[in-house]
Amino acid sequence: SSGEQKDPAGSAGGGTIRVGVDALPPGKGDPYKGIGSPEVYTHAAIYDALTLVDQHGKIQPMLATEWSQPAPTTWVFKLRDGVTFSNGEKFDAGAVVATFEYLVKDPEGSASVVAADVKTISGVKAVDPLTVEFTTAAPDAMVPARVGEVYIPAPAKFKELGMKGFANDPVGTGPFKVDSWNANLIKLSAVKNSWRAPKAAKMEIHALPDPAARFQALQSDQIDLAIQLSPDQSKQLDGSRTRADILAAAQVMSLAFITELGDSPLKKKEVREALNYAVDKESMAKNLLLGVGKPSGSGITDGAAGYNSAIKPYPYDPEKAKKLLADAGYPNGFSLKADVTVGSFPADAQIYQLMQQNLADVGVKVELRQVTFAEWLDHYLKNTWTSQAFGLSWNTLPRLDALRPMELFSCLKKPAFFCDPAVAEVLGRAAKEGDGESRNKLLAQAQQMQHDNPPALYLVQQIDITGVSSKLQGFQNINRTIPYDKMHVS
Amino acid sequence: MSAATDVVLNVDGLRVNAADPSGAEVPIIEDVSFSLARGEVLGIVGESGSGKSLTALSLLRLTPETLHQSGSIRVAGREVMRLSQRELQRMRGNQVSMVFQDPMTGLNPVRTVGSLLVEALRRHRRMSRAQAHQSAVAALRAVGIPSPELRVKVYPHQLSGGLRQRVMIALALLHDPAVIVADEPTTALDATIQAQIIDLMRSRVSSAGLIFITHDLGVAGQICDRIIVMYAGHIVEEGVALTLLSRPRHPYTAGLLAAAPRFDRERKPLVPIPGSPPTPYSRPAGCPFAPRCARASEVCREQRPELVPGDLSTVACWHPLSS
Amino acid sequence: MNAMSTGQGAAAASASAAKAPVLTTEDLRVEFTVGHQTLVAVDGVSLSVAAGETLALVGESGSGKSTVALALMRAHEPDSGRIIFEGTDITHLSERRLKPVRRRLQMVIQDPYASLDPRMTIARVVAEPLVAHRWGNRRQIADRVVELLELVGLTASAMSRYPSQFSGGQRQRISIARALALEPSMIIADEPVSALDMSIQAQIINLLGTLQRERDLAYLVIAHDLALVHQISNRVAVLYLGRVVEEGTTDQVVWSPQHPYTAALLSATPTPDNPTRERIVLAGDPPSAINRPSGCVFHPRCPIARSRCAVEVPPLIEVRPGVRTACFYPGEVQPVIDASQSRPLTAKE
Amino acid sequence: MRVLVRALTRRVLQLLALLFSISTLLFFLLRISGDPALVLAGENADPEFIAHVARQYGLDQPLIVQYGNFIGHVFQLDFGRSVQSGEAALGLVLARMPATVQLAALGILINLLVAVPVGAWLGSRPHPLPRVVATGLLVVGQGVPGYVVGLLLIQIFAVKFRLLPSIGNTTLVSWILPSVTLAAFLIPRLTRVLATNVSAAMSDDYVRTARACGASKLTVVVRHALPNALLGATALVAGQFAFLLSGALITEVIFAWPGVGRLLIDSVLRLDFPVVQATVFVVAFLVFLVNALTDVLFSILDPRLRRQRG
Amino acid sequence: MTETPVVPPRGLFRRRPSGRSRPLALFLGIGLGVVVIGGALLLMTFGHLDPGRTAPVDRLKGLGTTGHVLGTDQLGRDMLARGVAGLRWSVAVGVVSTCLVSGIGTVVGLWAASARGLVRVLLTRLIDMSLSFPSLVLAVTIMAIVGRGFWALSLTLGLVSWPIFARVVYAEAIGLMKREYILAARLLGVSGLRTVVTHVLPGIRNTLLVMWAFMFADLLIAESGLSFLGLGVPLGTPSLGGMLAESREYLAQAPHMVLVPGLTIVVIVVTANLIGDALSSRSHNVTAVVNR
């Protein structure tokens, strides 16, 4: 159904942006059910948050224009003036307060996924119609980034409908509003008086869960934007009718080591080092991730708050790996079971298989057990692993905060699968550090410790590939938040 | 019975061959010749496998494609063997029609009786659907089916065996054919129903020549004017019904009569014919009946006897019974 | 009266009459459920067969002949009535307790093409009952099979062949050999020759007669052809829609039927060289066993039916010595059998 | 009337048994696999939060109690809410149903339109050469998995020539590729069965009767053999339809078709129990319905099964 | 008495025109099967093939590349090796699941046919009911839950597909039980179980074989479908369906990746179907029974 774009593109409102995503937000317009993919691709068209963390870790003003930290536990945000919701409601401090009170105090709201990420905020109040003040229980340097996760819904409508009703008819300050919402298709139209009024008149979001279907839809001009393609698919986009937009993502694929449960060769540090030496990450990055993805020596990527640029990846050195294994008492290697999910990242299946091959070359036989995400999560949250390792990426998204993934690979995760008390101590201090600079230093230190005593086999920094039709102008990928207002179809 | 005045069918030297597994031609029917006059009932009797049905089917050129048929068949002077497919179709059901043995399977189970009749009617006559319907009802009435207006709407399985056979007969009579071939039309029926059908056929088939195939000498005696006895693909005896049955000349015919129990006479021990009939693939060289025949001599085993007309009947036997 | 292959004279008949019956049924009734309707296939049939005697059961298709036979063999469960075999009531015996009875009471099934497993050699076919009843060891069984095959006129060379390699008559011989394997005292034969050619029929009929004489077997033979019945049986029972309408010695029933149905059946049975016989042609079809007529089941087709027949069920009573008829007006209809051919009852050599 | 009531009662009882056993089977199958509360809670959840969610969904009770509750609810057609979206599971499934049913119906239609004439032609014993060629094609066609056909169709008609859409179900043209894919999978088998049936019917006695009445070959095939052959294939067609209702999973996946198949795969992978339950339940119901209707259809189409009248 | 060995076929039209294609089908089917399976066996024993050996630099090489006759896949693994291994996997799953299906189906079907009264009613109801189970849907669900793997896949496919088999066995056995020779055996005093073993089982043997071949073909396609959906094989294990799924990304770039597994599936399924056809023409019209 190639759209009939008779209207010329432009601010007058022409063209339809057709986006193919892997799934529509399962909670529909509920902005707090999830913070990453797939929600963000839809919600970014409807909603705005106070801030936005860009791909370099910079915090950009959105509905808030500026902010300050008058005291270690207090943050004050100045709001943008003259913003209205698509239903005509005015955006002001009241809307922000209502939102955060829902997340902090309401039993339903506080149980949401987003609420877990702003748990440090204990109070919010309106200082004046365009100023809000947040208080945190302990000092928290990350509040400006955290509020970037919280979309602000139209307060009166929200109050009237409750979350259930509102989710079916969401209203935000974003460039588009929802016209219809089907099982596999959302139709949106421009909000002309939005503070970021769009260039396109309409927008369609197609649910195309199958990557190949998404890819074919793009190739056959049924969509203009295909989210999350694979590297090999991107090679087939020749640049004439379609092109690939490839971005290094703030995620590092790794094979997490389980040392806290039962006996395992991985309890030995030499073994863990050996595995890191044994894998040819360079080749993975070059052959499978188009050279954009890079080998990684820790789980943290450039741009994240607390990134330590001094850390280099473990080089590919199978001899050294073998020696280390022999030193650790495994001259003939050993066998290992690893649970992985497949399809979450570009080329992940291939990366795991190459890893498997590399490890086999040094004598470590890895049995890769492919599990569903649901099963994986069950083990992960309850620590009911029956294997010795599992696939887990270091993910600083969406606010590019190194602390979060580092906590997970430490004693701070409850229950923990890997525990180095020294790291935990450093991270604990960082969490309570109100000053951004000092916090980053502590994180860099912890990062070095996690390099030296690796809790995981660091593989590669992942990439985000978006297929873009050459008819589509103005595409940008800001940490997966796509500025739909700036795009139009020619 | 007064023959030859108005011959409607003339068969001369009919042969039907099959190919055996090696591809060689194996004769199943050999040299069958006879003729049929208007109003005459000609019976063909013989044991299972003697070639009665094949003879009947070849008259309409309906033998299976795997078989090869030759000889001459003339219906009212026209050579059937030379007809094109179209002409054949026009002839079938129109000049020559057929009644089959099994009324259970012989009628299409998913078509109403009426639709079968209408289809057959309109095939050879230009008439409207309504007219055809009328004629169909009339045809059913003519074969003695009670309340024919209702029966036209009925499916074959809703009729009893006797009624179904009447429908078959109605189908065969639709276009006043010159020749009707009835292949064991009463074998599947009960004795009392068989009697009804025989009565019906006798009364309705007066203007046509009727070939009545049966393996039951009693039935043949009841309905036929003339009888042909077949054995292993050959005609072994032919004659006027009563004469042939009371004074058979071929040992086979006599054997059949002696082997059949009957209740209208004092019980006598049955005299079976030993052995069983040959298949087309195991036919002996000489007289096909020779291996089972008490009168067989050297010549019987070596040379096949020709049909020779006699005063009582025409018989193919080296040592016919004298009367 | 004459036994199987006739000509044995009245002595045998009177002897058999004195013997105790091998098999008796009393008021046998078999119903079937078809869809949601009940069908009475056999309705109050009482019969008895003595050793060395042949009882024939005749009737048109669907009259319940096979059902009677199968009920006697306990392949159908009778809904009421009793079956007494050699003094034992076998009506309700369990399959296990029935096993010894099965040695003594055997059946030959109508269609020789269907009654032999096409995948078994003849040796296995004939040995089957012997093996099932643990009759002896392998050698003994093998010898017995040869013996049985020779008894029915086949050679031992048949043993390794398959049924498809035999003609119908030969197969029927094999069936008979199998039925004889365990030395039964009675054989029920359901249309044993109707699938066979005339010339072969006579072979089988004669074989059955010889065997009966040699072994004093009791036969219940089912047939639809009165000529055949006349040939083979001492006594005959005529079945119509599940009821016995007439029963008596064969000669009496055939020569002077008392029931109009028997008469019609006789007159409809053709004879080869006697076309002039006047016949009673019954109108209509036999009604189905599902909607059986009231009163006398035959009355809708009966040429002499009166109003009473539609209401009352005529009892099966003795109308003359040795003949029982279920008709209110017995003897009113007589088929005209050519006088020159027919013989009175008494006229016997 | 009583007959009808009894037949109906039997059917309903059968249906209840079916739905009950399928629900039970699924309940225990799904429960051995993992805790649905966790999916809901997400990757960052802490133990209290997990417990909270578990309580909310009644997942903290003993399994047998959960089972009791579950069955109780199922009998009120309440499968609970989707763990993913919070919407009523049954509603979600029913909303997807039309897309699946329509696609299946279209697939069957195309299947019939192709298979009936081709089958009749093949069954009428045409000349050996075209027959062998056609049979060969059908045999090979039977070996090609449906999704391979789908992939090729997409690559050719959508990607290469941009003629037909490969996604969505909003416009009529978008129905073409998926329904042809489904039909392509079904056609060989139906055609072959029809050909066999027609060819068998051609040897039946009634065909000989028709020929003896002067029917042409065309009449014989079309008016006599084919109706019987079709009757014999009714069960197959119904089976194929039931199969499409439950088995068009892959086609729905590759064409991003918003039907129940797609929904099932999505929710199975996310352990969205209520939706999986509801999907299987509804599909089983539909398959049962198709089977039951086939029986009815059969008794209407086949005069021999019709109850005797007059 | 002399014994005439051959008996005339009864009735004129009983004989189906035995098209010469039937033995041809059998010949073709067995020939194809021998070539494919034999070839695969030879390659497995003498080919020095390693379907797991990755070589990222050699990825996506086309047909006829030196060292890789059938090219390589996205990880530079040899397609010939993977094709052979995939064939082995798929055929093994097919065989195991078909054995399971036929085992359960035969036992249940025969039991239902030979039982009487309530047992038979219950068993036939069970078969009828199980036929309404949406088998593929169930298989998908089970596979997603119990996880990928050879036994999981084979058992699942077997457990969801037996009702069809049981139904056909039941129908055939019931038909056979109505034969007079079975009745005769019973009246001779042969026990029920013995009748089933000596008469019924041999009687449906051909049907079983035919069903087996057709079932195998169907299950092979079902297996490939599940693997295609990512629910069959463990990661890295080559299977024909899995290879097809992987090939989807490379339809334009590396068509040999569809071709190798695709053609292999076609050949195997066609083989099974041809053999089934040939067998079914020997027994009576089973094709019509195998209505699915």
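Per-chain residue numbering starts at 1, and chain names A, B, C, D and E are given in the order in which the chains are listed.
Note that contacts are C-beta pairs under 8 Å (C-beta built on N, C-alpha and C of every residue); 3 or more make two chains touch, one makes a residue touch a chain.
Chain labels with UniProt names: B, C = ABC transporter ATP-binding protein; D, E = ABC transporter permease.
Since this is a predicted model, take the numbers as computed values, not measurements.
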- Within the chain touch network, how many edges lie on the shortest path between chain B and chain C? 1
- Specify the chain most distant from chain B by Cα centroid. A
- Chain pair with the higher count of C-beta pairs in contact (A-E, C-E): C-E
- Item | chain C and chain D (ABC transporter permease): spacing of chain centres that average the CA atoms, whole Å | 54
- Counting in whole Å, what is the centre-to-centre distance of chain B and chain E (ABC transporter permease), each centre being its mean C-alpha position? 50
- Message: Just the number, please: Cα centre separation of chain A and chain D (ABC transporter permease) in whole Å.
- Response: 39
- Task: Would you pick out the residues of chain E (ABC transporter permease) that each touch at least 2 other chains?
- Result: 1, 4, 6-7, 10, 13, 17, 144, 248, 252
- Message: Residues touching two or more other chains, restricted to chain A: which are they?
- Response: 212, 372, 375
- Message: Among all residues of chain B, which ones touch two or more of the remaining chains?
- Response: 48, 274, 276-277
- Task: Would you tell me which residues of chain A are touching chain E (ABC transporter permease) in their complex?
- Result: 211-212, 215, 230, 232-233, 235-236, 283-284, 286-288, 340, 342-343, 349-350, 352-354, 356-357, 368-372, 375
- Which residues, counting only chain E (ABC transporter permease), touch chain D (ABC transporter permease) once they are in their complex? 13-14, 16-17, 19, 21, 125, 128-129, 131-138, 140-142, 144-146, 217, 221, 224-225, 228-229, 241, 244, 248, 251-252, 258, 262, 265-270, 273-274, 277, 285, 287-288, 291-292
- Query: Which bits of chain D (ABC transporter permease) are touching chain B when the two form their complex?
  - Reply: 204-216, 219, 223-224, 227-228, 231, 301-304, 306, 308-310
- Message: Help me check something: in the complex, which residues belonging to chain B touch chain D (ABC transporter permease)?
- Response: 60, 62, 85, 89-94, 97-98, 100, 102, 105-112, 116, 119-120, 123-124, 150, 154-155, 157-158, 168, 171, 174
- Query: Hey, which residues of chain B end up touching chain C in the complex?
  - Reply: 47-48, 160-163, 190-196, 199, 215-222, 241-242, 245-246, 255-274, 276-277, 292
